[in-house]
Amino acid sequence: MSAASPSTHQPSSVRSQDRPASDRSVAGAAEVPAVRVEALSKNYRHPWTMRVTPGLTDVSFELRPGEIFGYLGPNGAGKTTTLKILSGLLQPTGGRAWIFGRDIRHVESRRPLGFLPEQPYFYDHLNGPEYLEMVARLSGLGGREARAAAVHWLGRVGLGEHARLDLRKYSKGMLQRLGLAAALVHAPRLLILDEPMSGLDPFGRRDVRDLILEQRERGVTVMLSSHILPDVETLCDRVAVVLKGRLERIALVGELVQGGTPRIELRIAGQPPPDWPPSLAGAVRLAASGVDGVLTLHEPAKLQLLLAWLVERRVEVRSVTPMRTSLEELFMAAAEDAAFHATPLRRSA
Amino acid sequence: MTGTDAVALPRVRVGLAWAVALAFGAVALGIAQEAVRSLPGRPPLAELAYYPSGRALRPASLGHGETAADLAWLRAVQYYGEHRRSDLRFLQLEQVFNVLTTLAPRFEGPYIFGAFALAQEGRDFAAAERLMHKGLDSNPRSALLAFEMGFLYFVRPGGRDLPKAAEYFERAARLPGAPAPAARFAAYARQHAGDLAVAIVLWDEVRRNSPNRLLREMAEREIGELRTALRTGRTEVVVRRLTTPQVILR
Amino acid sequence: MNALLIAHNTFREAVRDRVLAGLVAGGLALIALTRLGSALAMGEDLRLTVDLGLSSVSLLGLLVILLVGTSLVTKEIERRTIFNLLSRPLPRPVYLVGKWAGLSAALVVVASALGATLAILVTALGHPGHAPAIAQATYLAILELSLLTSLAVLFSALSTPVLSALYTLGFFLAGQWVDDLRRFAAALPDPLRATLAFTADMLPNLALFNMRSLAAGGESTSALHLGLATGYAVVYCGCVLALASAAFESRDFK
């Protein structure tokens, strides 16, 4: 499958292609989808100029219970908008959505939901256990249960030794962890995570990954938005790509990873000599990246040829990396496109 | 699915909230109106009346003492009017006018109005005197205040104080901007206080200085009668027992 | 139940915030200072103490509302702490009621502390008879502050902290002059009279909660007054909070 162009979109064909054959029954399905979204749209009207800016247009998808669903897209694409509509923070302009069969317009639809907003923040004068206990109770846990869950989850996200610390003294990474704990404290059946890895160091990211996988073991459905591709690839079963408010593609991660033109990226010291041999011209693209040069070879078969020529020219080759193509191509192209056309970006979080 | 579906339920909730707001609002209105009907009206000057002195209030008015005094003046008149119409109890009157005049010592109106209200409706002549003295202390060159002071004594309920009235009328007559009747009233007061010699002097001033021919003629007549009375010793002709002023409030 | 959770949290945040403690300390200091000022009062020192003490309850309470109350909701939106709450099964009106209740509870604590101090002071000065009147005046002040808090919540749900503070202050001032507005309206020709009278009716009748002049003289007020004031406060708050809910229901949190 080649990288889709952003222009055409057919919701129903995408939907039928994204489920394994065994699961393709619609009416009378045994299991209720964890999330079902139909033709969801969101427009923003500027209060002064009355200009209408589309935020989301005609988005439809379904999540099976127990799957991990990635929601990919550049900034301003509409990822956070979708997640916020599902969490009740934004009103959609059109379309409908259900969480475990419950219409999202009902407050109760959020009972099985655990939401992690982007860059969460909390109350200045509370400490971790107090905050977690409060949100646990708001989500329906009884007093004692909530207290126990609060202590448990605080420890589980690695903040146990900071139990007495006021939240205003938390670092960014600590806030992120607490946000995760808050999303999990009431044992939700659906997790919606907006940039869950943001602000975390590699160790933190690994912990979060483990947490998410642990939840999947328990049968929890996870929908996570990110623009960090490696995270999405390692965690998600399926990925949806959102560009400029439209759902462009839903595919199994495996398909995307295997599909597309393979490329090889070479990092070299300094810049390459300007005279390409004719056999290589056209197969190699150059991108400068600070001190190092980055060469992208579109015809992997010519790798040995390129290496030989570079060695001959005494160019130091720093690394040779095979690239995952389609996902990244799609993403980069969309990012360039979005930046170029400069649609007004709402501050999504 | 159309846009209307997405917003239907929230619209219902909004509508419900508005309905609740209107219902509660109507009840609130009813209670407020009942309160206006059944509770005693708040004395309009309550917030001024219990400040112990205008001195404390003056700094608090942040330099806008005169403005505060103007507002206070309006409310003072209101206070007077309300009680005049209703229970004829003017317990706060002195306090009120004291504060007012401390806020604006040069504002002559309150001294005059306050003193007469105190003397008559308030039945507190001593307080009236105090207030007018305060006015004169702050405005020693005010012919108007002196004149009104004289008048205050002249119509004192329960018994005119003619010597004092005359004293202040004379004072008023000597000050610049004296009201036209000051000299005449001084003469009249002296005369009926039995102070005939002084009365003649005062009537003479009127005869010489008054721009009004009729008044000059009147002065002439009085001087004649006074001289006759002095000569014959039959002062009762020229000294009439003036009626005793009473205050009748209806 | 959820409203209580929100209220408890709001109360906790308010109380742990140093602003509140500072204002209470300020109020107590003011009451203490009135004793020093007694020499100036020419024999009216008791009135001065009671009057300033009760005024400080109302004015400090107003200050708390302007500083804390007007950003109650806005701060949560700016800081995005509200995301973690409204993404749970928490209806938005319940959230607003909880915020109002929490701040009102904090104000009850502040007002009661100052009122009690005043009553004790006055009793110590040899006038125990004033204490019941002070208690009643404090109660009315608490009702007034709760009403103003509901307005602060409404404006806070609609607008920025600065504008909310201005609107709340505006309603406070206008509410003091409702009686005058009515009297003024009565003297005007008809179309204007109806409009002005209607405006006077819409404004919170804050004069209803003011018995400071009575309390300064040690006089209690009637049960009718207390009852009407309580009813009015409850119903007016309900109206304002319902309006806030209507405004808040369709608000987007970007």
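Here the chain labels run A, B and C in written order, and each chain numbers its own residues starting at 1.
Just so it is clear, a contact is a pair of C-beta atoms (placed from the backbone, for glycine too) under 8 Å apart; a residue touches a chain by one contact, two chains touch by 3 or more.
Just so we're clear, the structure is a prediction, and the values are computed from it rather than from any experiment.
Student: Find me the chain with the mean Cα position closest to the mean of all the protein Cα atoms on display.
Tutor: So the chain nearest the centre of the shown protein is C.
Student: In terms of C-beta pairs in contact, which two chains are most connected?
Tutor: Chain pair with the maximum contact count: B-C.
Student: So the centre of each chain is just the mean of its C-alpha atoms; given that, what is the distance between chain A and chain C in Å?
Tutor: That pair's centroid distance is 47 Å.
Student: Please tell me the distance, in whole Å, between the geometric centres of chain B and chain C computed from their C-alpha atoms.
Tutor: Using C-alpha averages as centres, the distance is 38 Å.
Student: Report the inter-chain centroid distance for chain A and chain B in whole angstrom, where each centroid is the mean of the CA atoms.
Tutor: Here chain A and chain B have centroids separated by 81 Å.
Student: Of all the residues in chain A, which ones touch at least 2 other chains?
Tutor: In chain A, residues 91 touch at least two other chains, as defined above.
Student: Find every residue in chain C that makes contact with two or more other chains and list them.
Tutor: Touching at least two other chains: 250.
Student: Which chain B residues sit where two or more other chains touch them?
Tutor: Answer for chain B, listing residues that touch two or more other chains: 7, 10.
Student: Help me check something: in the complex, which residues belonging to chain A touch chain C?
Tutor: Per the stated touch rule, the residues are 84, 87-91, 107-111, 113, 115, 117, 119-126, 130, 134-135, 137-140, 179, 182, 346-349.
Student: Quick one: in the complex, what on chain B touches chain C?
Tutor: 7, 10-11, 13-14, 17-18, 20-22, 24-25, 27-29, 31-36, 38-39, 41-44, 46-47, 49-53, 55-56
Student: For chain A, which residues are in contact with chain B within the complex?
Tutor: Contact set of chain A toward chain B: 38-39, 41, 91-96, 103, 105-106.
Student: Touching residues of chain B toward chain A in the complex: what are they?
Tutor: Residue list for chain B touching chain A: 1-3, 5-10.
Student: Any idea which chain C residues touch chain A in the complex?
Tutor: So the residues of chain C touching chain A come out as 2, 5-6, 8-9, 12-13, 16-17, 79-81, 83-91, 250, 252-254.
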